[in-house]
């Protein structure tokens, strides 16, 4: 038993090796190397245009890469077909713009994945969906459509939609950037809760307090490169690079 | 954040970047569909060939300057009708919209009925009306107006609705601000709302010109010499029906295509939506 | 000529005209929808030749004047050994034009969905087919109810092209010109047909609005 758990630990949930990507002339990801261990919360910060969102999106191939390797639990990320959809089903993704399905109720948004992809029967999918909606605090909205919910409620429902797939890891791509200030915390609270329960998470965010409080490790990106990475206290209190110092100074102004 | 290459149109966004297997399938599909398209084109050309329609005598008159001069004359007729009808429709459409939004009950109802009437009736019916009725009443109407008036009336109903959509697109706050500085409702409409509304609807107005141009094609009903009518004259003199009609159709398509492009160009440039 | 006299003499013609307009409209619209779907599928397919043909189809048939198209189909095609009866000529013309606009409606319906929802669907592991079935098509259909209602009315108005060929029985516009070449029908002769068109358009748009209210997607 002990051996097995040690072996498990040695395989990171997500691993990026020498990942490069261009958008036309723009070199958006430069030799990215990154591992995310099981149960780890990795927070990615950096100025806008630093490539942090793009990196996050490469992990379930919403963006393709030019070269390098992406491994999910040691397996290379498939490029297409059923292998790819299966892999995606195991990775949750939460978007800046929530991206709930506009024509479906919140409940249907959450049950769609389990029913279509995992083949869960309707009543079981709905029971589980209601549990999740309860957990993120939008159970009362289950029968409404997305446009009837506030941004914060939509984002929490979107998190429930991802969780319904019982993902191995969750990616958050600036989950609070499109929210009114008073709604940011309700979403962050759900994420803190998830982190506490041991979910493996990659979070791209501008919320420094969240990073400091929840992150196991902080990655600072600029110009498509990982400039610095380390424990949150160490990074925020003693940034090693000038780039990171400048960035932290610039956001302190706010 | 910077997603310079992210799909700009949904039809590309439907597909993700293909993997090697998908890429192969796309190549195969492209080749097969290209073959099918080529086959279709070949079948059409073959049909032209076996029916003798590719014979030089059906096409040689297109090399003559007189042909094009005559068509150009017709085109000028088309342009005259279209522009005149367009201007009349603009004025009428604006009046109908102003009447409908005036707040004066009977006027508003009347304008609404008139608008719906012209929108709900085929322009051909209106053309027959101007072809038959004035003559029955003993009025002698030039063929230009027998064509221009019905085309204008048909368009005015649509334009009234376009204008109304434009007025509705002006933010409510503008009206409130104008009222709060003491402008009368008429002044608010003419000084504040309309100038902005017109800016919103310019691309839509241009797009409607396509409908006007299309409607003018029935000029032959009233024997007005437009592009289509002149083409018919050429057909009888050269006995080249298929080629002539195809050429005329292409001319109309190009004109309307260019009008549409102009409309879209201005819409994109000014960031407004085209109302249809 | 008074209304009673007009309807007494030509009432049957008008009634037949209305029924003919309705049947031309109904038959055309069914095929308009089928062809619009087919053209839209071509335009959103990943195969460039099909996209080009689809786009070209739409540009040609939304920009060609109806009369020009009808004349080509009715009078030029026979020279190419394609002979259709008059009614079919009118229907084919209407279908070709209507389907171009119908495809444009579908395309803008698809465009309103937004890339985000597609990416969200991908990220929960839906396949391309599932995304089409569960996300794209339902939304495209529901957002196009009003535009398609307007298209149905436009299709009805297009069938007035039937007055340009010797249809039998004639449709509403043809009836008017028939009446007027035989009698001094005056304004009334036109109003009867106009009421047929406007009344039908009114019913269609009421029904369309009702359906739209039921299925509209809040955004």
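In this document, chain identifiers A, B and C correspond to the written order of the chains, with residue numbering beginning at 1 in each.
Just so it is clear, a residue touches a chain if its C-beta (ideal position, glycine included) is under 8 Å from a C-beta of that chain, and two chains touch if they have at least 3 such contacts.
Keep in mind that this is a model prediction, so the values were computed, not measured.
K.L.:
Looking at which chains touch, is this a line, ring, star, complete or other?
P.N.:
Topology of the interface graph: complete, with all chain pairs in contact.
K.L.:
Counting C-beta pairs in contact, which chain pair has more, A-C or A-B?
P.N.:
Between the chain pairs A-C and A-B, A-C carries more contacts.
K.L.:
So which chain is the furthest away from subunit B, centre to centre on CA atoms?
P.N.:
A
K.L.:
I'd like the Å distance between the centres of subunit B and subunit C, where a centre is the mean of that chain's Cα atoms.
P.N.:
16
K.L.:
State, to the nearest whole Å, the distance from the C-alpha centre of subunit A to the C-alpha centre of subunit B.
P.N.:
Their C-alpha centroids are separated by 49 Å.
K.L.:
Can you list every residue of subunit B that touches 2 or more other chains, as numbers and ranges?
P.N.:
16, 18
K.L.:
Which residues belonging to subunit C are in contact with no fewer than two other chains?
P.N.:
113-114, 122
K.L.:
Residues of subunit A that contact two or more other chains, please.
P.N.:
Expected reply: 62.
K.L.:
Going by the contact rule at the top, pick out the subunit A residues touching subunit B in the complex.
P.N.:
Touch list, subunit A to subunit B: 23-24, 26, 28, 48-54, 61-64, 78-81, 84.
K.L.:
Show which residues of subunit C lie in contact with subunit B when the two form their complex.
P.N.:
Within the complex, subunit C touches subunit B at residues 43-53, 59-60, 62-69, 71-72, 75-76, 79-82, 107, 110-111, 113-115, 118, 122, 128, 131-132, 136, 150, 153, 157-158, 160-161, 163-164, 172-173, 176-177, 180, 184-187, 189-190, 193-194, 197-198, 201-202.
K.L.:
If you look only at subunit A, which of its residues touch subunit C in the complex?
P.N.:
60, 62, 82, 85-93, 95, 97-103, 112-113, 116-117, 145-148, 158, 161-162, 165
K.L.:
Can you name the residues of subunit C that touch subunit A in the complex?
P.N.:
On the subunit C side, the touching residues are 113-114, 116-117, 119-127, 130, 134-135, 138-139, 142, 217-219.
K.L.:
Using the touch definition up top, name the residues of subunit B that touch subunit A in the complex.
P.N.:
Within the complex, subunit B contacts subunit A at residues 1-5, 16-22.
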